[in-house]
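Following this line, the structures themselves.
Both of the next two complexes hold chain A, though its partner changes from chain B to chain C.
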Partner chain A sequence: MKLSAPQFWRVRENQYKLVITICGDCGKKVVFKRPTCPYCGSGRVEYAESAGVGVVEEFTKVYFKRDSSEDRLPEVVGVVRLGEGVRVVGEIVSIRDSEVREGMEVEAVLRKYVSDDPYGIIYYGIKFKPV
Partner chain B sequence: MSAYVVGGSAVKVDRHFELGYRDLAYRVVRDCSECLDVDYVVISSALPELSAHQIDLGTHVVQWLGRRIPVVRVESGESSGLAAVELAASLVRSGGARKALVLGIEKVTEYPTYTTNYFYTLTLDYEYEVLRGVTPPAYASLAMKELIKSGIRRECFSEWAIRMHENATSIPHAMLKFKISYDSFRDAQVLADPLTLYDSFALGDGAAALVLSSTPSRSDSSVEVVYTNAEVGLPAYARERISDLSASTKALKVAVEKFGLNLRKVVVELHDSYTPYPIAILRALGYLSNECGLGEFEHLNLSGGLKARGHPIGATGVYQVYEVFKLLTTGLGGRTTSSEYGVVHSMSGPDNLSRVLVLKR
Partner chain C sequence: MEVGIRGWGAYIPRFRLSAQEIAALWGYDSRLPKALGIVEKSVAEEDEDSVTMGWYAARVAMRRAGVGGDDIDAVFFGTESKPYAVKPSATIIADALGVKKRKLASDLEFACRAAGEGVRISVGLVKSGLARNALVIGSDTAQANPGDLLDFTASSGAVAFVIGSGSSSAAAIEASVTYVTDTPDFWRRDRSPYPEHAEIFTGEPAYFHHIVSAVRLLLEETGLKVGDFDYAIFHQPNGRFPLQVARSLGIPQEKVAPGLVTPYIGNTYNASALLGLAKVLEEARPGSRILVATFGSGAGSDAFSIVVRDSVLELVKKGPRVVDMVNFKVQVTYGEYSKFRGLLLRNVGG
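And now, the complex of A and B:
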């Protein structure tokens, strides 16, 4: 897999932090810093950084084999409701997959996403681990 | 001006290791007598840059076919096929083409399945979903869990798959022409718990062709494209429920109300990449209760759907329209219907983009 340094560098703020977009028109909030509100299309938005703590609302144990996934299956992917009220999807790590539960409190951590093995670029970003 | 489907053909969805993109195109056109008399070609394909190192596939295919007519390629993820038909209908209606050939072509077996799985995952947002480990079956699994929590029984999803396999047994170009049972799910490979391989589409190479014309052919062998619509949904991570497929539901609801359709009675082809999606859509439209009720539909995915006919990603929508065209005219796999309308639904990702097309006899 060929990874691009400029592509990832451009989106580093959304990969290294949990930024929330708050709409100045409809009032809704959504994860990721983005120029427009996905709900009403307004460009009148503000940003806030999440404290990175939330609760697992849903999760699934994934066995879907694909390039770059071989060394980490099964992986647990969950929907986390952050303390600020928005939902974010991500991997849940640092716990046995059989021990993940709905309602479990988790916090954001920086972990490896993918790399150009063996000597290439490594992408890091947000995952979640139990508090 | 109107647009009519006046002909078409389909290659069996399969692992065609001996056929590339242009071979598949040649084969499907060779079997379609109406396909040569056209003045525009619209090619739909989602993966050639990834699976065959080829950009501008349309031009190379037309050159290979020995033609010198304008061509454009449409890429719109899993809904590419229906987008191509929509564009061709628009060309014909506007006078931009007298007869347009739509060619849906896809190769998914150029690499091992886990590599094609990665290509398929790119129907999601690479930077904000794929890199984070989110995959299409993960979303489908979460949608299934939500639906089960809301009262739908697990058996309803299994019933969908069982019906699709049953339907596909008589379809000449279907990939999985065998029956499965509820017992099949017991030992099925898990993709993303509780979603299994039997809840997932079959991945195969394929090619399908359609000819759209501004004039109908003989009355019993052409149908009119009377409606097309496309809706963009919210990213799945921005929804309160991943199973809320509002773009699909809205697009279908508009079509149903515009033509006074009852989806239990007309020919319908729904995009069933994963079993939770058609169940969620039909439930949101009020056709299914917690007890399911799939048995009440007379012509639902008679092709076997993506589940059993197979899902050659960017070509699938062309297969769907071809199947409905055949069911409304000369018949498909020995089946004919008296339905006046046929409805085709296609979506990319978990309702990121959804399209609906209506054909009228």
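And now, the complex of A and C:
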């Protein structure tokens, strides 16, 4: 699989950081920097960076994928409720699979997602590790 | 103007490979780990590299320093395991941390002492007024030829410092000196996956000569005596060399022990001695004077005299401590180590 370097570059702020979009109209918050509020469609939005600390709400184990990072399988993917209240999906790293449980405290870390092997761009992004 | 360490941070991967398992697998004498002074080494996961570990350490260092991305005028990344042969790693970390665009940023390479040189460059920039704060990162996922002696110690970890001026620093860098020569003790050619080393030649003419020379120059320049230092931290290629170099300088072992990390996590290369410094900053009393001497093959050493300030006590609480990261660990087998470090090649993306 080969991603596009310019495509990644354009969205890198959402890859490198946990940015939260806060709606100026309905007041709801959602993860990622978005031009409009997904709840009410308002363009009156503000952005804030998450402190990166949260709790695992749900998780599952992934055994199969085809994105050039299969050398890492199996992996644990979870839904994390950030301290700011929004939920985000992310891989849970630096754990034994048996250690993951609901309510586990985690913090955001920068990790490699995939790379265009063997000589392509490395795509970095946010995952979560236990605190 | 006083220039010092305004904040520091470290990162040690959670997984550990025991030196006994390495010895058993490759047919070494079971007494060898003890002779090398190594119990286990830290192992980074598949999705970790010097950039991701350096990012973590730098983030903590900035938090401790209480600085934001707009306050950082320079970013230096010392490593010998950069993910790209060409393409700066410093810029990836800087962007991911939100460091402003107007800045200096580059990767430094001098085997294990590039980050030490980064600290000296940063002191110069701050002193001259060209930078208010500089971020220096030392990070490595050290490679070793499987089964080579280096396999016992080559490990992964990172450390970072915010160097700046002012009375708010955690520790003042009161003097520093560098001693370098062309000494072929350890190298890795382009496209070679693992480094080569000149066996016993890495000791006397390389490690010992350069560290002792740098420390003597520092003492000469400052008029300090070894007895003036409360702690001594040296580069730690194994658990024994730092104790031996201390002995030859007349420094007692109890001043070296607090800064020793290699016996428990292996040699983290650019993080090695500076990770020892981070650990000592988290334990030392204000007023303590610390001697730090890095070493990089090829070869050279930077010696620093650092005095701990009162604010260190508050800053310790603002991030994870080295000792906690050393202890928060999980054992892996040599098989898992091979998978984590990409020693097994799986066809992917098919």
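As a working rule, the second predicted complex is superposed on the first by the 128 of 131 C-alpha atoms of A that agree within 3 Å, B and C clash if a C-alpha of one lies under 4 Å from a C-alpha of the other, contacts with A are read in each partner's own complex, and residues count from 1 in each chain.
Keep this in mind: contacts are C-beta pairs under 8 Å (C-beta built on N, C-alpha and C of every residue); 3 or more make two chains touch, one makes a residue touch a chain.
These figures come from a predicted structure and were not determined experimentally.
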Key: Side-by-side fit of chain B and chain C on chain A, or clash   = fit
Ask   = Does chain B (first) or chain C (second) touch A:V88, or do both, or does neither?
value = first
Task = Based on the superposed arrangement, let me know which partner A:E105 touches: chain B (first), chain C (second), both, or neither?
result = neither
Ask   = After superposition on the shared chain, which partner residues are touched by A:S68: those of chain B (first), chain C (second), both, or neither?
value = both
Query = Touch check for A:R12: first (chain B), second (chain C), both, or neither?
reply = second
Ask   = Looking at the overlay, what does A:E58 touch: chain B (first), chain C (second), both, or neither?
value = first
Note = In degrees, rounded to a multiple of 10, the angle chain B-chain A-chain C between CA centres equals 150
Request  = See if chain A has more residues touched by chain B or by chain C, and give me that chain.
outcome  = B
Request  = Would you sort A:D25 into first (chain B), second (chain C), both or neither based on which partner it touches?
outcome  = neither
Task = Could you tell me if A:Y39 is touching chain B, chain C, both of them or neither one (first, second, both, neither)?
result = first
Query = chain B to chain C: minimum CA distance in the overlay, Å?
reply = 6
Query = Where on chain A do chain B and chain C both make contact?
reply = 66-70, 91, 113, 127
Ask   = Which chain A residues qualify as touching chain B in the complex?
value = 7-8, 11, 14-15, 30-32, 38-39, 58-70, 75, 77, 79, 87-91, 113-114, 123, 125-127
Key: Of all residues in chain A, those that touch chain C in their complex   = 1, 12, 16-17, 49, 66-72, 91, 93-94, 96, 109-113, 117, 122, 124, 127, 129
List of chain C residues in touch with chain A within their complex = 13-15, 45-49, 51-52, 55-56, 83-84, 92, 95-96, 98, 330, 339, 342, 344, 346, 348-350
Query = Can you name the residues of chain B that touch chain A in the complex?
reply = 113-115, 117-118, 121, 127-129, 131-138, 141-142, 145-146, 189-193, 195, 234-240, 242
